[in-house]
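Consider the two complexes below, in which chain A is the common component and chain B and chain C are the respective partners.
Let's turn to the complex of A and B:
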């Protein structure tokens, strides 16, 4: 088990290294000259030269990449100041350290994704299980058709509608806003409740459908029938036998959906004007702020890969074949 | 027609015919298929429809008729300015016609999605076939490359890279032509979209490779190329079509996502995704603007998902829902 996780973690690190190299080359080598982007329209060759030296752009690509990677571990010194250990460079636009900006924005995205994740897992799997338990009844049909329709409600469509109903028309809740959890759990919870629900709607609906069909499949398996025939109660067999078997395909698909979760966070942040790293990514792209984009990319990729390792661990826990194979 | 002899005669049916017969029997599938077709049709006929309707998505009608918008730039008529002249209302702020905007916006998004789906499917099939059939080291490395692309945080990457691709073709401070934007979006979504198909086809090919008929062809002296083309490809058509129908709505949403975020098509090109961006900003004051694009999208995606399920059932009656 431990060995399996270790292997997966090393794999994730290798992938991260490759992603950083690829993005670095794409961002700093392909599009003309980043120096132009950082100094505006009326820029003389002398200024460009200066920026080149300041950013280390006069070096070759491998040297630049090496400097960048070294900066993450030991820090770098720029003309405008010292950039401490996890150094991802300096923003072209705001002249602030990229790492500090990301640290400032990251908690919002973390709360958003983790909360949304919990919502869709609990609600999606729960309703899926209920639908499978009550297969063929009105409840099942209701849940199934509801999830079919809801799985096509995009965040940017549903978000404003919910805002209109809950916030502007009735004033049941304040407009969504991120409060650190240290400000009080209730405040944090109510501030993100609407974004969580809206963001997870599509996932919830999809996982309801998925859980229902895999549960029904599992309930028809031989071993489940044998367990029932031996006299175990329906509830016990449902949870201990069928659910466990159903979790294997669910977790597989979960692993593939993780990057979609981050994508959902981006749209959610834009829809509800929350200042997370998704919106930061969009802002940095609009401002052509390459170091910031690069930093957000790396942090986002790390986040997703970390979650992937967690999913792998869950996978190994559920399915003994993975652990031993 | 005499029912006797003709009906009794045994007829050979190709798998394609069988699939078509099964599909025709599935009422949900036929209806949803018609809805999907309807969307593509009205999108394709957008210029004709807008000519008959007498308006286009670019003209700022509020400049000609000052009564359309009030002092705050909101439609002065009830329900977002819906009337006999403006079927879906008037766009707040600029005063363009919402109906033709949606029509042309759907055209942009749907046909982009169709094009991207075709290129990703072709790429995925080629890579999957090669990996599955060649096996060995080729398969190993193709598999690693696929894994690598799959581990990208794709939506984040799309946002970051699309402007870079655009800047490859256009110098700084230059106007970006629309076809270059279209090309960049296609390139990025293509680059990040082929992996699922390639994995699927690789798996299918891997199991087909060992079948007797392939072996027989090999013994008979068929070349690799011939085996790939004549023996394997016809047998992976089913998974290609099924996966393809699932891929298309997803691609459509990705195109819309890019435009929503602001790195896709820009004004004045009409675009489905960008309508949501605008509608979200003004929703508090002008909620009607969101209604038609939103409802159209929900209908389209629901219909396409149902259609996809039916296609799968028709091809592969064994797999239940």
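Let's turn to the complex of A and C:
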């Protein structure tokens, strides 16, 4: 286990290094200059040069990259103050510490992602299991057709519809807004309920179908029949034997869908005007804000890599034939 | 026993009492998109405690389907099961699910063919053995674990105290089958159904497993149904033999009767297709020509007649028009007369077997 964690950590660091380098290089291929953005058409070459110098853009790309990466480990000093490690630099646009901005926005995205994850896992796997248990009945057919329809409901399509119906027309809920969970769980929950449901709809529908088919497959496995031949009840065998087996393909797909969920968070934040990492990412690219782009990329990538390790560990926990190492 | 008069016969009863396991006119039909599959079509047999019934037949002859019906493991959605199966006086067909659950793994248990797929990869061998014991005897986790270790020891797993915590994939093929047997026998079942328990194993391990089953049978006096298509194994294990073809019994008798004086052309074919150590290496085996019958559109008359080499001996083409019944006791479902059966076997079949 220790060896597994060590190996995965080293692997993750290499990936992060690559992501940072690629992001950095791509950034300089983008059209536009942050200096023009900050002072407009009236700037002369002298002013542009000054801004470049202030932003550190007068150095060569490798030097800038080195400075940025060094800052993550030892911190940097800017004219607005000391930036402690892990320092992700200062935003070109807002002149605030990138790290502080991300820490400020992160809870929103985390709440969104985790909440959406829980919704599609519970609802998706739950309905999938019910459909498999009731295979061939009206319930099964209802769930299956519904999931087929819902799996094409994109966030940017479903979001405005739900907003229009639930918020504007009927006023059942207030417009989605993020409250820290410390302000009260109910407030936090109701504020994010619509985004959670909307962003998880496609996933819920897909996991319903996936879970239904894997459960039906598992229920025909020979070891499930053996368990029945031992006198174990249908319910027991369903949950202890078939579900356990069905979790293997589910977890595999889950590992691949995690980044999709984070991508969904970006669209969700834009759809519902929530201030999270996703919106920050879009803003940073629009503003040609290198440090902010880098910061968002690195934090997002770290998050996904971390979750992938969790998924792999879960995989080994579910299937004893998988040994980590 | 009034049903005897209208259904196919059964082996003669020695003590006159109700047999321990009695199957009467069992029919298992599956509705499929292509039509009705008659996997088992009118099967009757009896089994006494302490005895072993060998069921022989090729794939699709209804061996496994029969035994899954005894345990009640067919999906009622697809399978239409009629007839009677009585275990120790209790009717099993149409019994409530809860009743069957109490019997399965407790009074009747099954050993499956491929222990790699039949054991769950997710739980330790010990847990899988302990599970039915806890359910049926109400034992605690600790007691059940002790029992699992005891059973592993009994079936010859070395170091059972540590092996009990292993997963099936950490066992070898032979050990897995032993664990499977331990699991089936953990509640001392009175009826053991072994569905080709040695097919997936190599020959030396096979012999060990068969010895093990025989020892355990002697110890507990259980009745065993032993399904196989290996006549060598059946010669080693069975007291009585039933030969199945196309979902029906075509011949029944004691082991010696069926193996040494078979009366059905299909049984002759089975014996002729078996290699023998004493025969000339250059001599060709004689397989049964043709393919197993379709269960969707079974042949008219005797289901074996399209593959049978003796249909010309029966007058009026009765083989293709009239289905031969299986008489009670030692019998074969064939239109040939008793004299013909004896003559053909001695003159044409037996010389090839030596």
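The rule is short, and it goes like this: the second predicted complex is superposed on the first by the 281 of 325 C-alpha atoms of A that agree within 3 Å, B and C clash if a C-alpha of one lies under 4 Å from a C-alpha of the other, contacts with A are read in each partner's own complex, and residues count from 1 in each chain.
Going forward, contacts are C-beta pairs under 8 Å (C-beta built on N, C-alpha and C of every residue); 3 or more make two chains touch, one makes a residue touch a chain.
This one's a predicted model, so the numbers in the text were calculated from it and none came from an experiment.
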Partner chain(s) touched by A:161 [first = chain B, second = chain C, both, neither]: first
Chain B versus chain C as contact partner of A:141, first or second or both or neither: neither
Touching partner for A:271 - first (chain B), second (chain C), both, neither: first
Residue contacts on chain A - larger count, chain B or chain C: B
Partner chain(s) touched by A:233 [first = chain B, second = chain C, both, neither]: second
Touching partner for A:300 - first (chain B), second (chain C), both, neither: first
First, second, both or neither for A:222, with chain B first and chain C second: second
Shared chain A surface residues [contacts with chain B and with chain C]: none
Contact set on chain A toward chain B in their complex: 12, 15, 18-19, 23, 26-27, 30-32, 36-37, 41, 148-149, 151-154, 156-157, 159-161, 163-164, 168, 213, 217, 256, 259-260, 262-263, 266-267, 270-271, 278, 281-282, 285-286, 288, 293, 296-297, 300-301, 303-305, 308
Chain C - residues contacting chain A, complex: 71, 73, 77, 97, 101-106, 109-110, 112, 114, 117-122, 131-132, 135-136, 167, 169, 183
Of all residues in chain B, those that touch chain A in their complex: 147-148, 150-157, 159-161, 163-164, 167-168, 171-173, 253, 256-257, 260-263, 276-277, 279-280, 283-284, 287, 290, 293-294, 297-298, 300-302, 305-306, 320-321
Chain C-facing residues of chain A, complex: 136, 221-234, 241, 244-245, 318-321
